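The structure is given below, and queries will be raised subsequently.
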Amino acid sequence: MVASSIAIEEISKELIQTRDLGVTEEGERLVELQIGPTHPGSGHMRIRVWVDGDIIVRCDPDIGFVFRTIEKLSENRIYMKTIPLVERPSLLDTTPMTIGYINALEKLMGIEPPPRAKYLRTILAELTRIASHLYGIGILAIFLGHSTGFMWGFGDRELFVELANQLSGARITYAYVVPGGVRRDMPQSFPDNVEKALRYMERRLKDWYKIFLNNPVIEDRLREVGVLRKNDAVKLGITGPNLRASGVDFDVRVADPYEAYDELDFMVPVAEEGDAYARTLVRFEEIKQSINIIRDALKKMPSGDIIHPQIARMFNPLMKKIYEETRRVKFPGIFASLKPPKGEATARVEAGRGEALFHIVSDGSPRPYRFRWTTPSYRNVILFKYMIPGHRLADLPAIYGSLDYFPPEADR
Amino acid sequence: MMLPLVMLLKEILGFNDTIYRTVVGLGYMIIYPGLLLVVVIAALMLWAERKIVALVQLRYGPLWVSRRIGGALQGFADLIRFSFQEVIIPRRSDVIPFLLSPGLAILFSMLPIAFIPISPSIHPPLYSDLALLVVIAIISLAPIFIVIMGWASDNKFAFVGSLREALLIVSYEIPLIISIISMAVIYGSLDFYEIVERQYMLPGMILNPFAFIASFIAVLRTTSRFPFEISEAETEIVAGPYTEYSGLMFGLSMGLAYIKLYVYTLILSLVFLGGWLPLQGGEGFLLGFLAPSLVVIIKLSLLSLVAVFLRAIYGRYRLDQAIRLGWIYVLGLSIVSLIWSLALVYGGWVRWR
Amino acid sequence: MASQQPQASQQRLALGKALEELATRLSEHLKGVATKVEADKRSMVINIEVDRSRILEAAKILSSLGFDHVKSLTGVDYPDKGVIELMVHIGSYSRGLRRIMAILRSKLDRKDPRAPTLTQIWPSSEFQEREAWEMFGIVFEGHPDLRRLLLPEEFEGLWPGRKDFEIPTRKAGEAEEPWK
Amino acid sequence: MEGGLVFIGDLDLTTRKVLKWLMERKPIKDIVEWANAFSLWPVHLMTSCCGVELGAAYAPRFDLERYGSLPFVSPRQTNLIIIEGTLTRKMARVARITWEQMVDPKFVIAMGACAIDGGLFWNSYNVVRANEVIPVDIYIPGCPPRPEALARAILMLQQRIKSRGITRHDLELIEKNLKLEKVEFARK
């Protein structure tokens, strides 16, 4: 191990003397690698690393390749049209994000959705959470060269995408959550389909353990790589499964319950090791917990309205008819000029990758005066700078994958 | 196909040994089992790899290119596309080594075919009774050109890739050579004919399983199969030494791994799987040459299929882990295999006439 | 289910009371530092307003009380008042405080917005300060590495987060508000 | 040296002409078009969030690999760019460089409403249109387009290669592209 790096160093030393291979600084023989946006191991970002031999000395994440100025754009959009804007950056788990935005809006408006709507929101959020975790595990697998993990992750994800499709009518951009409730009720066959899918997923998880988690190569690649201690995780403000894998049992669903989470039965998986393997394990455990949540929510699902009565009162007769016959909400035109009262509201949700924070400043006009949104990936970027140095070059994709970092979500 | 033609030539020209040997040798190297077969097998192996892996991953894999035969032409389509693409030579590259090294690497990995017999009746063009050693010596030269490729293209990723390749050659070539030598100890010969003959009762794989496992792992590494696809690990260093290669040049470099896989599995199937046995070889073209050689090719294809199938199961090791594995376990295994062979020979369990 | 509704509202009442208590206690700790400490029961947030020169002091006290990370750090531009409000959402992973958040607010001069960096107290604010600088031009004094985070390096012009940076919009009544 | 040209001619030009002549003969042209149609390897350039649906399109349920399309690593070895959604200013430069690095028969699919006209982000100050950066062959509408739509785009591109051929089409592209380059240079 040591011998190899020394050998690389010695070879590279001679080469650098004869030929310019990169940045050489005072006394340091560093080679700068730009793991740029076209690189198969980078996603939508550029990671500049300086390597000394095989060891990474410095790492500078260069984000902003998907920066679409959503905070600025929303200042020019009416409140309803900001919902799709909020969905786009984190296309993997859109529902938690819309829930967060709508929660902040509802706090401003001072309304609260009926219980059935809360349960429906929770179910969709958990479906997307499973899908998002499977996506993250798939990306981790392909970063480690394990193509079967990638394909299985994306293949199993389709199941939950399809379920969400049945519930909301779209594959990934649902816009299902609206102020005061949800857009439509669940179809009658939905609980059965969900049960089938959940049973399949439970069987499938055993295969996952066999081929991925207990695979000797994967274990070697992930164990004791990218260790994040509890103190550092708290200090750097890390969030989501990455935080919980370091031994902090913080989960917004428990700490600050929103929607129906305080009435449902689930646990928050926590691991103590803080390495890449623990992060992956926590994600798998969260999939299991999400399965429990969905089952529990379907069991406890209350009957009743799916939209706040105050909004239902504004329906014209045709809308009322549609709502009563097909349980779909058509929005009255008045919503286009929805004007929440002056004030500020903050909401936070636990998205697939961690805590997302929404802050709306309203000046009483139909557009938000200022909309601030921090996403979990945005808060986790800092890990690239502080965690990666000291590891080997080959560990970079392993750590990146285990962080489940999604650049569009970070850039917004 | 070749043999009647050769007979005809023989009659026309009178018995001219030199011409006869030249024609047969060229046919051997260029058509069967040389270049043409290698290209066909490499293209089919490319397809088979994608197809098998797709089966594990609940997909179809390549299909629409030729739907009746399950997309088997996919490898050819890719190769043709590569060979008619533009070739970019980066301005900062060392042009001559950049252009020459893929060809030389392929040359040195193809050359061993000239020493390897695939049937009892037709001799390879260069017959030697030390063939096993010569073959291993020649094919060990090929990775050097991979290192040159990475160096000549003046790309940092290619450079890192070629350094990885260099480190891995050192740590896996030695176990391979030791385990092959341990087989030579058992057979008491370096001549492929004798090696195959002496497996008439038990294939070498059972005589010395340690050597088989050690050399198979080393072959996996040398041909960059998973879990040792480290020197061209795509998520770390793009395509390793081949990063700057495009068009036909990349086609050659991509084919290189499959050509090496062909040659190595050819050697392994002769040394460990009993070559053309159970066929003993007989009279005429069909029984003497074609049938035994087909047996060898089936055996080597099975071995390569196992090698490419591992892509569906494993990820890739880190460089230092692979090196540690090579120096501790694989080298240890090959030394055990050598001791095992010596014990078999000196204990008197294996005795040749 | 209907029975749970009043239960939840009772819970919320109790929480609101706890929040107010916490706010009063915080104001005792921050006496002389903060100009205003008030609880926002709707969002479960404590608003803390401090003067520009006392930001660091307030941050030190808050971090010693257990607020250990920054959730969001940004500015809000008020051109008519001539200020940019620095808005820092801080939270805690400790068991007692995780239910609430605090917002540290400070009004900066819009012409030359300067604030001391919080990276020494909360390292988690490093990248967020870079973004706030890039968007609003708030200079964080003492920041180790204040450069662009999201925009291309050669981006020129106004600070894009501010209100006077205008992006093209459709005229009202053209397409976006057809009901008017 | 000037005299040499009289006898030898411009060797480079002659070879190119011969090659071009050869490439337009019937069997070779057909084979090359067939091979290109069934070997559209997209480069790993993730421009935006439609990459999620791109991943789904190459995964088990939709499996675009059955059309011979395999996502591959570096621009030198691939012949297809799929612009997945929004191109920000930072990413546009990368897309352009990637396009220039790629070898010649190359194709571009622009995926999503953002790549066509900005989509939801039509008035963002950091977003550019895909056709301002690189010449696009096929557009896919949708936000994000379903994987089936991507499959259809690949099939359409195959049809187009088979019916229209590749060589002539690409020479046009290069000329168009040269103009673009001059404009960009002038702007700098």
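Lettered A, B, C and D in written order, each chain numbered from 1.
Everything that follows uses one rule, which is that a contact is a pair of C-beta atoms (placed from the backbone, for glycine too) under 8 Å apart; a residue touches a chain by one contact, two chains touch by 3 or more.
The shown structure was predicted, so the numbers you read here are calculated from the model rather than taken from an experiment.
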Next on the checklist: Taking each chain's centre as the mean of its C-alpha atoms, which one lies nearest the mean of all protein C-alpha atoms here?
Outcome noted: A
Next on the checklist: From the centre of chain A, which other chain's Cα mean sits the farthest off?
Outcome noted: B
Checklist outcome for this item: Chain-centre distance (mean CA atoms) for chain A and chain C, in whole Å, is 23
Checklist outcome for this item: Between chain A and chain B, the Cα-mean centres are separated in Å by 45
Next on the checklist: Can you compute the centre-to-centre distance for chain A and chain D, using the mean CA position of each chain? Integer Å is fine.
Outcome noted: 31
Item to check | Distance from chain C to chain B - Cα centre to Cα centre, in angstrom | outcome: 64
Checklist entry - chain A: which residues touch two or more other chains? => result 39-40, 64, 67, 69, 72-73, 76, 151-152, 155
Item to check | Two or more partner chains touched - positions in chain D | outcome: 59-60, 73-74, 90, 123-126
Checklist entry - Which chain C residues reach two or more other chains? => result 151-152, 160, 165, 167, 169
Next on the checklist: Taking the top-of-page definition of touch, could you list the pairs of chains it picks out?
Outcome noted: A-B, A-C, A-D, B-D, C-D
Checklist entry - Can you list the chain A residues touching chain C in their complex? => result 63-64, 67, 69, 71-73, 76, 78, 81, 104, 107, 110, 115, 234-238, 243, 248, 250, 255-256, 262-263, 300, 302, 304, 333, 336-337, 344-348, 355, 357, 359, 361, 366, 369-370, 372, 374, 378-379, 381-382, 385, 411
Item to check | Footprint of chain B on chain A - complex, ascending | outcome: 1, 4-5, 7-8, 11-12, 15, 19, 21-22, 31-33, 39-41, 54, 141-149, 151-152, 155, 211, 215, 217-218, 220-221, 392-397
Item to check | Complex interface listing, chain B residues touching chain D | outcome: 50, 54, 57-65, 71, 73-74, 76-82, 84-88, 234, 238-239, 242-247, 250
Item to check | List of chain B residues in touch with chain A within their complex | outcome: 53, 56-59, 154, 156-157, 159-160, 163, 166-167, 226-227, 229-230, 233-238, 311-321, 323-324
Item to check | Complex contacts: residues of chain A adjacent to chain D | outcome: 36-40, 43-44, 64-69, 72-73, 76, 84-85, 88-89, 91-92, 135, 138, 150-152, 154-155, 157-158, 161, 171-173, 407-408
